[in-house]
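To keep things clear, I will list the structure first and then write my remarks on it.
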């Protein structure tokens, strides 16, 4: 299994700002789509995790480095890595790649804390842990090019 | 009491699109700010209605007529009318006025159905009804310039 | 050729609000995706229209009727009709259909005025007109179930 | 002059997600409001910088640490620091403070590169530099609690 999953989105007019490029906060929306599809590609839906286990992945930290602008109607590959998985935290890393040129336009990471519905920390359910990250991968972190939240 | 309440917002960079004007869906966000502030000016918070009574104002219909573009950093007066209040529905009407020129840039309406948390229709709580729309006003609708959803 | 084009989107977490459903303004974003894909399916990209002809489709009016809530991670079919095409205005109509059940969750329309970059009205370029709406269709309007802005 | 400027915003319904809190990407929108108001409080509008000098502040990096959730209708103080100002880059730092309790709910930074309209790097205009950051402050960075993008 490759250490990442990919999905494609297309930049909407709504995503742009008056500079003619994607507004900077919307990159974090693209990251969200990436991790939702990461889970689905690995066999579970994030919607189902929330519903079945009452576990929520609260964002504790987010970071994005903007390399090239993304523009209206471009197709963007969201490449998502499950960079690290500890008992109570998960770190995803992302690359946003403009599909026609293959250019990496942005990179980022999000750190998540697992909580119950009341926001109290809890452990990430084991059955989902095994699905998201098969055994052999759990010991090492999946490090994309450079991104790492220290 | 005038038949409307006003509040001011400032156009954010996030609200614009690559045409250099406010993206059309965001006018509905401005309407939402208008009705939240309408409630607050009349003495109750919409947050409190949801929390205390378990009543929700589901949007059943929304409409906007765009007259002039709104631009980044402009101050906008949101003028909100409680146009009609029936047992189970409310209709708000709105005008978005560019503050420095006084130009009406957009007009619109939203129709709301009162429901409980499960989405079942219910009557709007009487005590809130009286606060939002003092007795003398309840018999007639408050009709701004033209807007009326037929 | 059927009188409409369809595309699929998936509801993002970003699109929801604290009621647990898609926030009402975001339906207009889905409409935008619908008309962008309508153009692409008929053989031109809206991005290209803006770039090549300097023509812009300014929104003059938008309307949405909300029938059923849309929820996180649902797949939604956006069915887009080019309802009417006059010399200087276009009207699109939309249905948002929850894919797994086939339920129509919302319907709406947007009216557009063709302008140049300075916002002055102009005619819609003929070559694009013929592509978007083949000859036989141009005389009659394409009327989806009920929606019509009067 | 204190090393920061403050402004207040109120959380909109549109900003929340189905977890009942502000969606994580919207914190970056609040940061944007913070730096717009920072400029205005110091005597210039960011809109005017773009218009008069053709200089744009492209975001090169953004980071946010989420400490406590923000909720619908809460008032939030956006405290903005001009943390560092070099010839071609600016770094702003932010704190989002829930107004009624004084709790710091989030902290973050954005790094900006100065470019012309074509995206080419340029120096930040001197006259604006002097207004944003009076002489005595330019030599040292304005360091809020901890936030620093390394």
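For clarity, chains are labelled A, B, C and D in written order, and residue numbers in each chain start from 1.
FYI, contacts are C-beta pairs under 8 Å (C-beta built on N, C-alpha and C of every residue); 3 or more make two chains touch, one makes a residue touch a chain.
The model shown is predicted, which means the values in this text are computed figures rather than measured ones.
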Chain at maximum distance from subunit C, centres defined as averaged CA atoms: D
Pair sharing more residue contacts (C-beta pairs) when C-D is set against B-C: B-C
Length of the line joining the C-alpha centres of subunit B and subunit D, rounded to whole Å: 30
Gap in Å, rounded to a whole number, between the CA centres of subunit D and subunit C: 36
Euclidean distance of C-alpha centroids - subunit B vs subunit C, Å: 24
Residues of subunit C touching at least two other chains: 13-14, 19, 25, 29, 32, 72
Parts of subunit C lying in touch with subunit D, wherever the complex brings them together: 13-14, 16-21, 23, 25, 71-72
Subunit A partner contacts - residues on subunit D that touch it in the complex: 19, 24-26, 28-29, 32, 56, 58-66, 69, 110, 119, 150
List of subunit D residues in touch with subunit B within their complex: 12-14, 29, 32-33, 36, 45-47, 72-73
